[in-house]
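Scroll down for the structure; my scribbles are underneath it.
Labels for the chains are A, B, C, D, E and F, by order of writing; each one numbers its residues from 1.
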Amino acid sequence: MKSRYEQGLEILREYTDEEKGTNHFELMKALEDISPDLGKYIIEFAYGDIYNRDHLDKKGRALTVLSSLVTQGSGSLPQLELHINTALNAGLTEKEIVEAMMQLIPYVGFPSVINALTQARQVFQERDNKQKTYA
Amino acid sequence: MKSRYEQGLEILREYTDEEKGTNHFELMKALEDISPDLGKYIIEFAYGDIYNRDHLDKKGRALTVLSSLVTQGSGSLPQLELHINTALNAGLTEKEIVEAMMQLIPYVGFPSVINALTQARQVFQERDNKQKTYA
Amino acid sequence: MKSRYEQGLEILREYTDEEKGTNHFELMKALEDISPDLGKYIIEFAYGDIYNRDHLDKKGRALTVLSSLVTQGSGSLPQLELHINTALNAGLTEKEIVEAMMQLIPYVGFPSVINALTQARQVFQERDNKQKTYA
Amino acid sequence: MKSRYEQGLEILREYTDEEKGTNHFELMKALEDISPDLGKYIIEFAYGDIYNRDHLDKKGRALTVLSSLVTQGSGSLPQLELHINTALNAGLTEKEIVEAMMQLIPYVGFPSVINALTQARQVFQERDNKQKTYA
Amino acid sequence: MKSRYEQGLEILREYTDEEKGTNHFELMKALEDISPDLGKYIIEFAYGDIYNRDHLDKKGRALTVLSSLVTQGSGSLPQLELHINTALNAGLTEKEIVEAMMQLIPYVGFPSVINALTQARQVFQERDNKQKTYA
Amino acid sequence: MKSRYEQGLEILREYTDEEKGTNHFELMKALEDISPDLGKYIIEFAYGDIYNRDHLDKKGRALTVLSSLVTQGSGSLPQLELHINTALNAGLTEKEIVEAMMQLIPYVGFPSVINALTQARQVFQERDNKQKTYA
């Protein structure tokens, strides 16, 4: 039977496209020297335990996380960038992602949504550029 | 052509079940004396302009809003209660709502999720009781 | 020359009406046993140093603080109640207070504003009742 | 009769000085490709409906919004920069803006206020430089 | 070798005193019907993985968590109540807990600290009453 | 008898190492022109009144403040950088600081902790480089 780590890694790969945009593996590598366990917990707990659960599909999970990060404000912009990529990898379209952000205007106000859309636009462009590179 | 108000009212009704749980109409009535325009803006802007948009379905919109309110913390418990009802009316199941909250543990920590689940449990029970009353 | 404490007390009295609504003196008394210095710091620093400054009048200061507490969310409801009273004592009208809260809808979303208006309505009623008592 | 959009545009212009500092028009243009409706909602709802209301003057509204953005923390720095400009355009002086930020120290702590003052200082300098350019 | 669950349970017991104040076991039992895995994650991840780590002792961990909950605002009051108990069980004194809260005034402002001290006072009293009962 | 300012300055010096990392003196100097009193309040109130208190030692106070800033999110990154330096100057080790951040994962989620660890790693490197310069 697969360990939580192996299961988590499998699930994380379903949400990752290493050729497009920032991804978790880069992030965990960057912090490996001061906290080697951080990556282990993200893979085992966040992906192995939580993302691995039933009753809500990948797109629903990505949408839930995206909304939370927009709500948390611009302070989470590095993770917002990461999870806009995750959302696209999970199968949400650019239009759906923009809509989710617009949907939040009555709940968090314009500032957070403006910052999130600015981040989204940047991610969409970077992925387009990468696509052109590989065409 | 329908006014923004009429369109908003129609959309709000799609997300409301006046026989089960708290709903927006009660809330807007309660604040009508000190701010009569509040209800007008909720109906015209939140529902007439925002919820009325394309590219993300009712369940996706309800999920997005739910996640934001859980993230905003227990300070928003009255609205969280309202929107758990909205989410159920939009077609999300109790299991999907619980899953969305569980999905947020790695992104907001346990405290906010525990408070949200406590609120959800309460809403599910109230709706069950109402159901029994009408059986 | 008056001490910071005496100056602070004078300023705090300008913002307090002990016959109407909750006030700071009650709050500081309630916490006197576990933290006697809390009241001292509120009076000396918040009122003696900060509220005592020039270039922004009492109404401007009360408005600034009110807006911040609405933004901080329902978690600050006890202080929001206190400062709605403070704002009225500083000379802001009920209409101005409601307007300031409405002004925040595009900046914090509807939930926080709804909770704040609910609190305001409650304060206005309590003060009206007290007024009737003393008529 | 003027549409909500036209009314909103008029009000937004009262709060904008296109020769000094960042302004809303630049922001809305930057996001026009991924979300053309964003600017429409800002103009129609934020300015046409909300800023257009009575009972609180322009300076009061600008002060309210400024305080909220300082409270929301450095995550909103792009909007804080924008609204420090808006506040100056609305007639608040540099001294009043600094005072409003200082007033928040007892309510949000020093970190948020320090970040806000740093942003304010930067805006004041940029506007001074622009002024010298046009002298 | 002990499972993560068993290790977590052991650690959680070191931070729990079932005769005094609210505790995690009650909380997890209350939510068992809608989310049986919640308690499993708290025990395995929060206690088995995180609290179980080296390089920071029990008092340091309890202090860190307490400070975070005070900062998160009154929305987390149920968990703040729980963790004031946890902090006392970990060996922090009432005086140290009050001091940690006072230390946060310059970093979060007075409102959050006032709410936290009010909660602390309540917990101290409840534990005193329980003590008298068992004397 | 020493004034609050002198006492505060003494305490602030105990938490400062002007040869390593950013410090308060630089920060206060940068804002001296628009708000000369800011530095005075930080020294007199934050250090002279609050840090100067008994019943919680320097390491406990630094830990409390660090935890709060991590919780406040990336919006406070400039102050987080400052206070990671303060914590090291107060006698906390790099390992203890990393542990405090890891301890917060179950309470604030991974995003805020990842941003904080990234900031910590940067501070540790800068201090190491400065050390090498002076060797």
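Definition applied: contacts are C-beta pairs under 8 Å (C-beta built on N, C-alpha and C of every residue); 3 or more make two chains touch, one makes a residue touch a chain.
By chain, with names taken from UniProt: A, B, C, D, E, F = Carboxymuconolactone decarboxylase family protein.
Not measured: the values here are computed from a predicted model.
*Asks:* Suppose chain centres are the mean of their C-alpha atoms. Which chain sits farthest from subunit A?
*Replies:* Between subunit A and every other chain, the largest centroid distance is to C.
*Asks:* Thinking of D-F, which of C-D, A-F or E-F forms a repeat of its interface, with over half the contact pairs identical?
*Replies:* Residue-number overlap above half with D-F among C-D, A-F or E-F: A-F.
*Asks:* Could you tell me which pair, D-E or B-E, is linked by more C-beta pairs in contact?
*Replies:* B-E
*Asks:* Can we say the copies subunit A and subunit F touch using the same residue numbers, with more than half in common, or are the two sides different?
*Replies:* Under half of the interface numbering overlaps between copies: different.
*Asks:* Roughly how many whole angstrom separate the Cα centroids of subunit B and subunit D?
*Replies:* Subunit B and subunit D have C-alpha centres separated by 31 Å.
*Asks:* With centres defined as the mean C-alpha position, give me the subunit A-subunit C separation in Å.
*Replies:* Roughly 41 Å separates the two chain centres.
*Asks:* For subunit D, which residues are shared contacts with two or more other chains?
*Replies:* Only 37, 41-42, 45-46, 53, 69, 72-77, 98, 102, 104-108, 110-111 qualify.
*Asks:* Name the graph shape formed by the protein chains and their touching pairs; answer line, ring, star, complete or other.
*Replies:* Contact pattern: complete, every chain touching every other.
*Asks:* Once bound in the complex, which stretches of subunit F touch subunit E?
*Replies:* The touching residues are 42, 45-46, 50-51, 53-56, 60-61, 63-72, 93, 95-96, 98-100, 102-108.
*Asks:* Which subunit E residues qualify as touching subunit B in the complex?
*Replies:* Answer in residue numbers: 27, 30-31, 33-35, 37-38, 41-42, 46, 69, 72-79.
*Asks:* Along subunit E, where are the residues that touch subunit A in the complex?
*Replies:* For this pair, the touching residues of subunit E are 37, 41, 45, 49, 53.
*Asks:* In the complex formed with subunit B, which residues of subunit C make contact?
*Replies:* Interface residues on subunit C, with respect to subunit B: 72-77, 94, 98, 101-102, 105, 110-115, 117-118, 120-121, 124.
*Asks:* Spell out the residues on subunit E that touch subunit D in their complex, using ranges where they run on.
*Replies:* Touch list, subunit E to subunit D: 104-111.
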